[in-house]
C-alpha cells in the first residue's frame, strides 16, 4: 500500500563505488510480514535535484542485508495478517550497484508502467469479493426467517440485493472497458478510466459487504463469515495507491480540459499529482 | 407514462357486432396534448375473466371519435408541455372491429414485445441528457469565478464532475450491455438487465442534473438553462412504466432464485408484477 | 432569493443633491411579480471604495419610479408564480435622499441583522412543508394497495417514513436550538448554527418530498398534489442566500479554528464570504 | 450485544425443587472474556407456554458453576478484546432458586425497563466517539500538507467536517430530547424516540469516523489512531439490540398509526417485535 505519508517516497539511494547506500523509512510494505518474503523492490531517490519524474530509482534489497529492520507489522482494523504489511527502516544499507532495476532515474517510469495493470488486477479481485459478499447475503436471507417469513421476502433486503447486482455489474463493465482501452490505446491514454475504476470498485464492494454484514447480524462482524475481514482489506484500497479524492481530481480535470484548453492551468496548478501521493 | 393508478389498465373493450365499445379513463397519455396527435393506441380488457396475460387487447381509436374527451392536460412540476400528457375519458366509444391490433387478448404480448426496446430507447435519451447537463456544468464552472478563483478549481465541484463522469460511463456501458443481450438472447432473457438500466439511468441523470443546477445558481432553477425542465422530465421516469421499487424487486428475485430454486415461491408470491403496475 | 450572480450586489446608488440615482440590474426579487408589490427595498453600493462591509446601503424605491423596468418574471421549475420572482433593471432611477434606510454604508449591517431571523423563519416554513409531505405520504400509503396489500406494509416505504420522521425531528431540534442561541448570545455568535440549519432544513425537506412524490406516482409530479410545487420552491433554498457549499465552508472553518488559532489564515484566506455571494 | 440468532432467547430455565436448571447457548455475552467477570445475568424461558411477554425470566449464574462453558471469544473486525464478547453454553447448570431476579415470567418486563436508559447511554458514548473522531480529523488536516497547502483548505475535507458537525449536533439534540422525554412521560411513551436515536447515533458516528480514517491515510486503518477500532466497535451497534431495520419499522408504524387507527393491523401484523429479535 502506498503510504499517505510523504516519507515513503523520500528514501535516499546514494551511489558509492560499486554499491548503493540506502537510508529511509517505508511503511505499508505489503507481504513483508511473511517468512517467505526475502527480497524487497525499493523505490527511492537517486537524484533529488533532477526533474520530478527522474528523481526516483528502483533497486533490489535482500531483507537480510545489514541495516534493514522490520520495525513492526501494521494491523488493518484488528487484523494482523501473517502475510501482511510492515514498517521497515533502512539504515546505511549497502547493496551491489547491479541490483538497480533499469537505469538511475527510471523508477517513476517503471512505476507508471505497472500502475495501470496493477490497478485493474486489484479491481478485478475487489469485484470478485463483492460478488462473494452478494452471494453470502443471498444464501443467508433465503435461509433465515424473521417475523414469520424469510428475510429474502423483505423489501429492504431485496433493495440491498438489487442495488448490489446493479452496482457490481456496472463496475465490472467499467473495469473491462478500462482494460480494453489499456490494450488498445495504452496505459497513459486510459489514465482517467483507470482512475475511475480505482474509485468505483472498492466503494461498490464496501457497500455490498456492509449490507451483507447487516444481513448476517453478529456473524457478520465476527469471524464466522469472511465479511468483516473483506471489509477491512478493501477499506484500505480507498487509501492505497492514491486516495479516492486524488483520483476524482484526475477525472474532473480531464473532463474540464475539454472545455477550457487555454485556461486549464488555473485549476490544474496543483502540480504533478503523481509525485505528491 | 404508465399510470400508478389501477384504473389505467381497467379500461373495458367490449365486442358488439362489427364494433368494439370502449369505456374507461386513462391518464398520462403522452403526446395527447399535441394538435398533431390524431389516433390513440388504447389498451384495455376484452376479457376480464381470461388468464391475467390474456385479458388485454390493443385497439386504434381516432381521437375525434364521439365519446372521447380530453379532460385535461397534466403538468409535470410546473411545465405544461404543448406536446405533453393528458387525462382522457372514453364513454361508449365505438370503433370498427378491424381497428383491433393483432388478436383479442394479445395486448399484453404486444406490450411486452415493445417494452424492452422502449426502455433502452428511454435510457439512451436519459443518458444523453445527463451528458448535456455535465457539459453545461463544466462550461459554467470554467467560466465563473467565486472567492477569487474559477469554480472549476473547487474540490467539491470537481467531485461532482468526477462522480458524474463515472456514473454516466457505467450507466452507458450497462445500457449497451442490455441492448447487446436483447439482440443476442432476446427481450425476455434480458429482462433483469433492462430493469436495471430502467432504474440506473434516471437516477444517475437526476444526480448529475441536480449538481449542474447547484453550479448554476438561480439560472439553474429558472428557464435560463434547460436544467430544471430536464430534471422535471426525467423525474417522471422513476415512476413511469413501473416505479424504481418494482424493478428492484424484479432484479432481487432473479438473484435470489439462483440460491433457492425450490422455495422461491415464498418470496415471489406477490403475484404477477406486470399486471399490478 | 439572493442571486448567485455578482451583478446583483453591484448595483450603484449615487448621491446627487437631495436625491440618490440608482443604476443596476437585480434578479430573483421575490414578490415583485405581484400587483400588490409597490415598493422595493434596494441594496446597492453608495461607496465602492469603502471597506467591504461599509460599501452597501439600503434604500426604498417605489416600483412606479421612472427608470424601473420589470424585465421579466422568473419561473421556478416551470412554475410561474403570480407572486413570484422578477428580474428588474434600474436606469437612472431617482428617489429622495430621505428614502435611505439608516445611514450610508449601513446596508451590510442591516442585512446581517435580519439575516439570522430571516433564515430561521425560512427553516421553520421548510420543515412545516416537510411535515406536510410526510403526512401526505402516510395518508397515501395507508390508503393504497399494490400486490394485494397496502403500500404502508412495504418495508421500503416504511424506511422512507422512518427516515423522514428522524430527519425532520433532528432538523427541528437544531432549528429550535439555533433560535434559542440567537436569543441568548445574539445573531453573530449563533452564526454557524444558523448556517447549519440553512443547509439542513431544505435538504431534509427535499428528501422527504421526493419520497412522497415517489409514493404518489403520477399524482406526485402533476398538480394533483402540492408535492411537485413544494419541491421546486424548496429546491431554490439550497441556492438562495448563499448556496449549501458556502455555508458548509463557514461551519468547517469555525470548527477548524478551534484547532489552529494561529494558522487559520491559510485556509480562511478566501476572504469575506458575505460579499462574495 | 443481543444476538441476531434466535437460539439466544431460547435458553431454558426449568424449576427442580429448590433449584433452577439451565440449558442453552448464548453468544455476544459482552464482558465475559474478562477475568474480572464472575457472574452472568441470564435471560431464558421459565414458561414457553405463557403469553409472549411472560415466558422469560432473569437469573444470576456464577460463571464457575458446573455446566457453564465459555466456548470461545468472539472477535469484532479482527479485534479480540480482552474484555470482549463470548459464546457460552449452559448444560444442566444448577443454581439456587433464590438466584431468580424478581418473579418468574418477569424477565421481559425487566429488560424493557432497562432498555431505554441503556440505549441512551450507548448513544451518548457513541456520540462522544464521533466528537473524538471529528477532532482527530480536524487536528490531522490542519497539520498536514498535500499539493502545497494544508488538507484543511480542501473543500472536500471541509465538507466532511461541516457534515460531521451538523450531523453530530442533530444527533445529540435528538438524544437529549429522548432522555428528557423518558424522564417526563416514561420509557414506554418515549419508545419511538429511543428507537430513533438507536438508529441515528451509530450511523452518524460511522460516517464521521470513516471520513476521519480517510483523512488519516494508512494511519487511519492501522492502530496508530483509535479510529479503526472505534469503527469496528460502533459497527456492531447497528446490529446489537435490534438491527436498524427493526427500529425503522417501529418508527414507521407509530407514524402510520396516526393516519389509520382502525386498519393498523394490516401493516403491523408482523407480531411482537420485541420477542422476535
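Chains here go by letter, A, B, C and D, matching the order in which they are written, and residues are numbered from 1 within each.
Just so it is clear, contacts are C-beta pairs under 8 Å (C-beta built on N, C-alpha and C of every residue); 3 or more make two chains touch, one makes a residue touch a chain.
Just so you know, these numbers come straight off a predicted model, no measurement behind them.
A centroid comparison over C-alpha atoms places A as the chain most distant from subunit C.
Although subunit A and subunit D share one sequence, what matters here is the overlap of their interface residues, and that overlap exceeds half of the numbers used.
Annotation: 40 Å between the Cα-based centres of subunit C and subunit D. Separating the CA-averaged centres of subunit A and subunit D is a span of 34 Å.
Mean C-alpha position of subunit A lies 43 Å from that of subunit C.
Touching of two or more other chains is recorded for residues 154-157, 159, 245 of subunit C. Residue ranges on subunit D touching subunit A, taken from their complex, read 1, 3-5, 27-28, 74-80, 146-148, 154, 156, 213-214, 216-223, 228-229, 231-232, 235-236, 238-240, 243-245, 270-271, 273, 276. Here subunit C touches subunit A in the complex through residues 154-157, 159, going by the rule given at the top. Remark: subunit B residues 134-135, 138-139, 141-142, 149-150, 152-153, 155, 157-159, 161-163, 165-166, 169-171, 173-174, 177, 192-193, 196, 199-200, 245, 247-249, 251-253, 255-256, 258-260, 263, 266-267 touch subunit A in the complex.
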